[in-house]
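Chain IDs A, B, C and D follow the sequence of writing; residue 1 opens each chain.
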Amino acid sequence: MNIQQAPALQTTAWFNTGKPLSLDQLRGKVVMIEAFQMLCPGCVSHGLPLAERVYSSFSHDDLAVIGLHSVFEHHAVQGTQAALEAFLHEYKFSFPVAMDRPSEQGGIPQTMQAYQMQGTPTLILIDRQGQLRHQHFGLVPELRLGADIMLLIEDSRVTTPTRGLVAPTLDGCDASGCAVDQSS
Amino acid sequence: MNIQQAPALQTTAWFNTGKPLSLDQLRGKVVMIEAFQMLCPGCVSHGLPLAERVYSSFSHDDLAVIGLHSVFEHHAVQGTQAALEAFLHEYKFSFPVAMDRPSEQGGIPQTMQAYQMQGTPTLILIDRQGQLRHQHFGLVPELRLGADIMLLIEDSRVTTPTRGLVAPTLDGCDASGCAVDQSS
Amino acid sequence: MNIQQAPALQTTAWFNTGKPLSLDQLRGKVVMIEAFQMLCPGCVSHGLPLAERVYSSFSHDDLAVIGLHSVFEHHAVQGTQAALEAFLHEYKFSFPVAMDRPSEQGGIPQTMQAYQMQGTPTLILIDRQGQLRHQHFGLVPELRLGADIMLLIEDSRVTTPTRGLVAPTLDGCDASGCAVDQSS
Amino acid sequence: MNIQQAPALQTTAWFNTGKPLSLDQLRGKVVMIEAFQMLCPGCVSHGLPLAERVYSSFSHDDLAVIGLHSVFEHHAVQGTQAALEAFLHEYKFSFPVAMDRPSEQGGIPQTMQAYQMQGTPTLILIDRQGQLRHQHFGLVPELRLGADIMLLIEDSRVTTPTRGLVAPTLDGCDASGCAVDQSS
């Protein structure tokens, strides 16, 4: 994957933040996006707690963390603002979270489509210039993530190729995540 | 607490079972009830996986395991059949699960009221004679639970007093569970 | 395996107890023996912490817990009283621990031989009549152990066959335990 | 603490490496030293597995990982080459490990003294110029370690002050580590 400008976030609501965020507005900071679904077991047990640890470990001047609720299944149950709000209330995550904008025809929401994500959790790193540098579906090793974030925090060059972890091959949900049905 | 007949289950829907279950019908078996809410972090991370391990560890001739979805908050989000069905689908729990019947005025559902539960998760053990023998709110030590279940499986006497674990004092939800607001 | 009298413990030193223990003397109680080596990773991470939890969970009137240091490899390093004493001091286990008596020719110590153990950790349960009822090599599920101990605590009959877990097939040590070299 | 040249390693034996290593020889690479004792519970459960993950996560061209067996108690038991060799054999750590050279009068070994370590585990990071940049006693957050290592891998400047984690205040050993007795 060549380095490219990260697609804009398409969202419908924001939580844990006074006002909506945008990648344009965050230019100059590294941005980590954790795309999740509230009923995805791997997101709840691994992806979101990891995002919370990242949020509390790095300076908010250097790194912005955004949770992105990218609902691609069970829309009626987990796709409402009330559902996400109740989930965030009970789990007490503190970083800003947005709802990915549903597509017209249902199915995969718009930001998830723009990034061609394979499922949830997907962890995305965007550099200070707004370029997409990493995109991982599934479990992320914590040591490697700490290193990758610092590399982007320190980086003022833009020539490093995106180094992705091998994506898991999932059918439905397991402990590591929930995959989009490729046949649909 | 003196030994008393366990109150009947008041339910509105069943999952993972061909037909609704009742305590009368299960007389002769030990029954373990795991009361939970799908948005209760301690239920998702500890209570329900423990119930699944119990379900796969003991003979179904000796022990019945029932999950009871006792929604006392966020009713609109987690109180529907569709919500529970999506949750069970994603988490793949295999034991029978019932929805606790909502009370007329909202708030605490009917079975949860009958057992005077303090919150979720609550683990209940009922002996072969249908008597309530243990009721614990919060985390349950696995060694102790294995021993308590076997004591009831082997027991043909009914004179042992209920031995409860100390219930946690919670306000709202934490990693161990979600408490009913006592001021309401 | 038919039920048989548990072989006597052959030991050379005791720790965490005012005086040496023997199975004869413990007749009337259920006895759990955790055979281990201080350099066996599965013993240190799983077997011994589990034994400590058992020791603190059940009445000492009903159940005696004994750690048995059955050194079958690295004798010079881990086979001395000083080594075991330093290990117990650092790890702070509180249940009584004995050193299994070395055999004349080195190799597998005497109690380990008498029980025909396959490696460490091995967990042994002996009933109130001094009969060997369970013997497991490797990881033991905690729910099942709680149930098995309670079954023996409650049991006054001696007709139940020993129900063993499937023993792991190990070569050397892995996370679950250390196996005796069968070719020796 | 001002940035200073890292003291040389004083060692008596090496394992998992064809020949002894020295900081002089490793100049140009970042070096991580994990000081441990084989009977230190926090070293066995956290420090050494973390060092193994670091060793397998970063390029050996950029980062060298060294385990340093700094025995300051129970010298007779854990202070011999045979003891360390048996330990490394059973636990299967693969990174190079050295024995810290005992001091003339026993007690704290020479490299541990030169770095004024407070106990084990202690994690040390040395930059490409051979300067001591981080020194932590106790548990190290994995995200932070990944970031700190990458910062040194990328760093060609030497002006950043050492940022230490708060050291635990320990008396003897607990789950996080073993402290040197300050009164001695």
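As a working rule, contacts are C-beta pairs under 8 Å (C-beta built on N, C-alpha and C of every residue); 3 or more make two chains touch, one makes a residue touch a chain.
Note that the coordinates shown come from a computational prediction; the quantities given were computed from them, not determined experimentally.
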What chains, if any, are shared contacts of chain A and chain B? none
Is it true that over half of the residue numbers where chain B touches chain C are used by both copies, so same, or is it different? same
Taking each chain's centre as the mean of its C-alpha atoms, give the chain farthest from chain B. D
Rotation angle, chain C onto chain D: superpose the C-alpha atoms of these two copies and give the value as a multiple of 5 degrees. 180
Let me have the rounded angstrom distance from the C-alpha centre of chain B over to the C-alpha centre of chain C, please. 35
Could you give the separation in Å between the centres of chain A and chain C, each centre being the mean of its C-alpha atoms? 49
Could you pull out the residues of chain D that touch at least 2 other chains? none
Which word fits the touch map of the chains here: line, ring, star, complete or other? ring
Kindly provide every pair of chains that touch. A-B, A-D, B-C, C-D
List the residues on chain A that touch chain D in their complex, please. 53-54, 57-58, 141-151, 153-155
Given the complex with chain C, which residues does chain D contribute to the contact? 39-41, 44-45, 74, 76-78, 80, 82-83, 86-87, 89-92, 173, 178
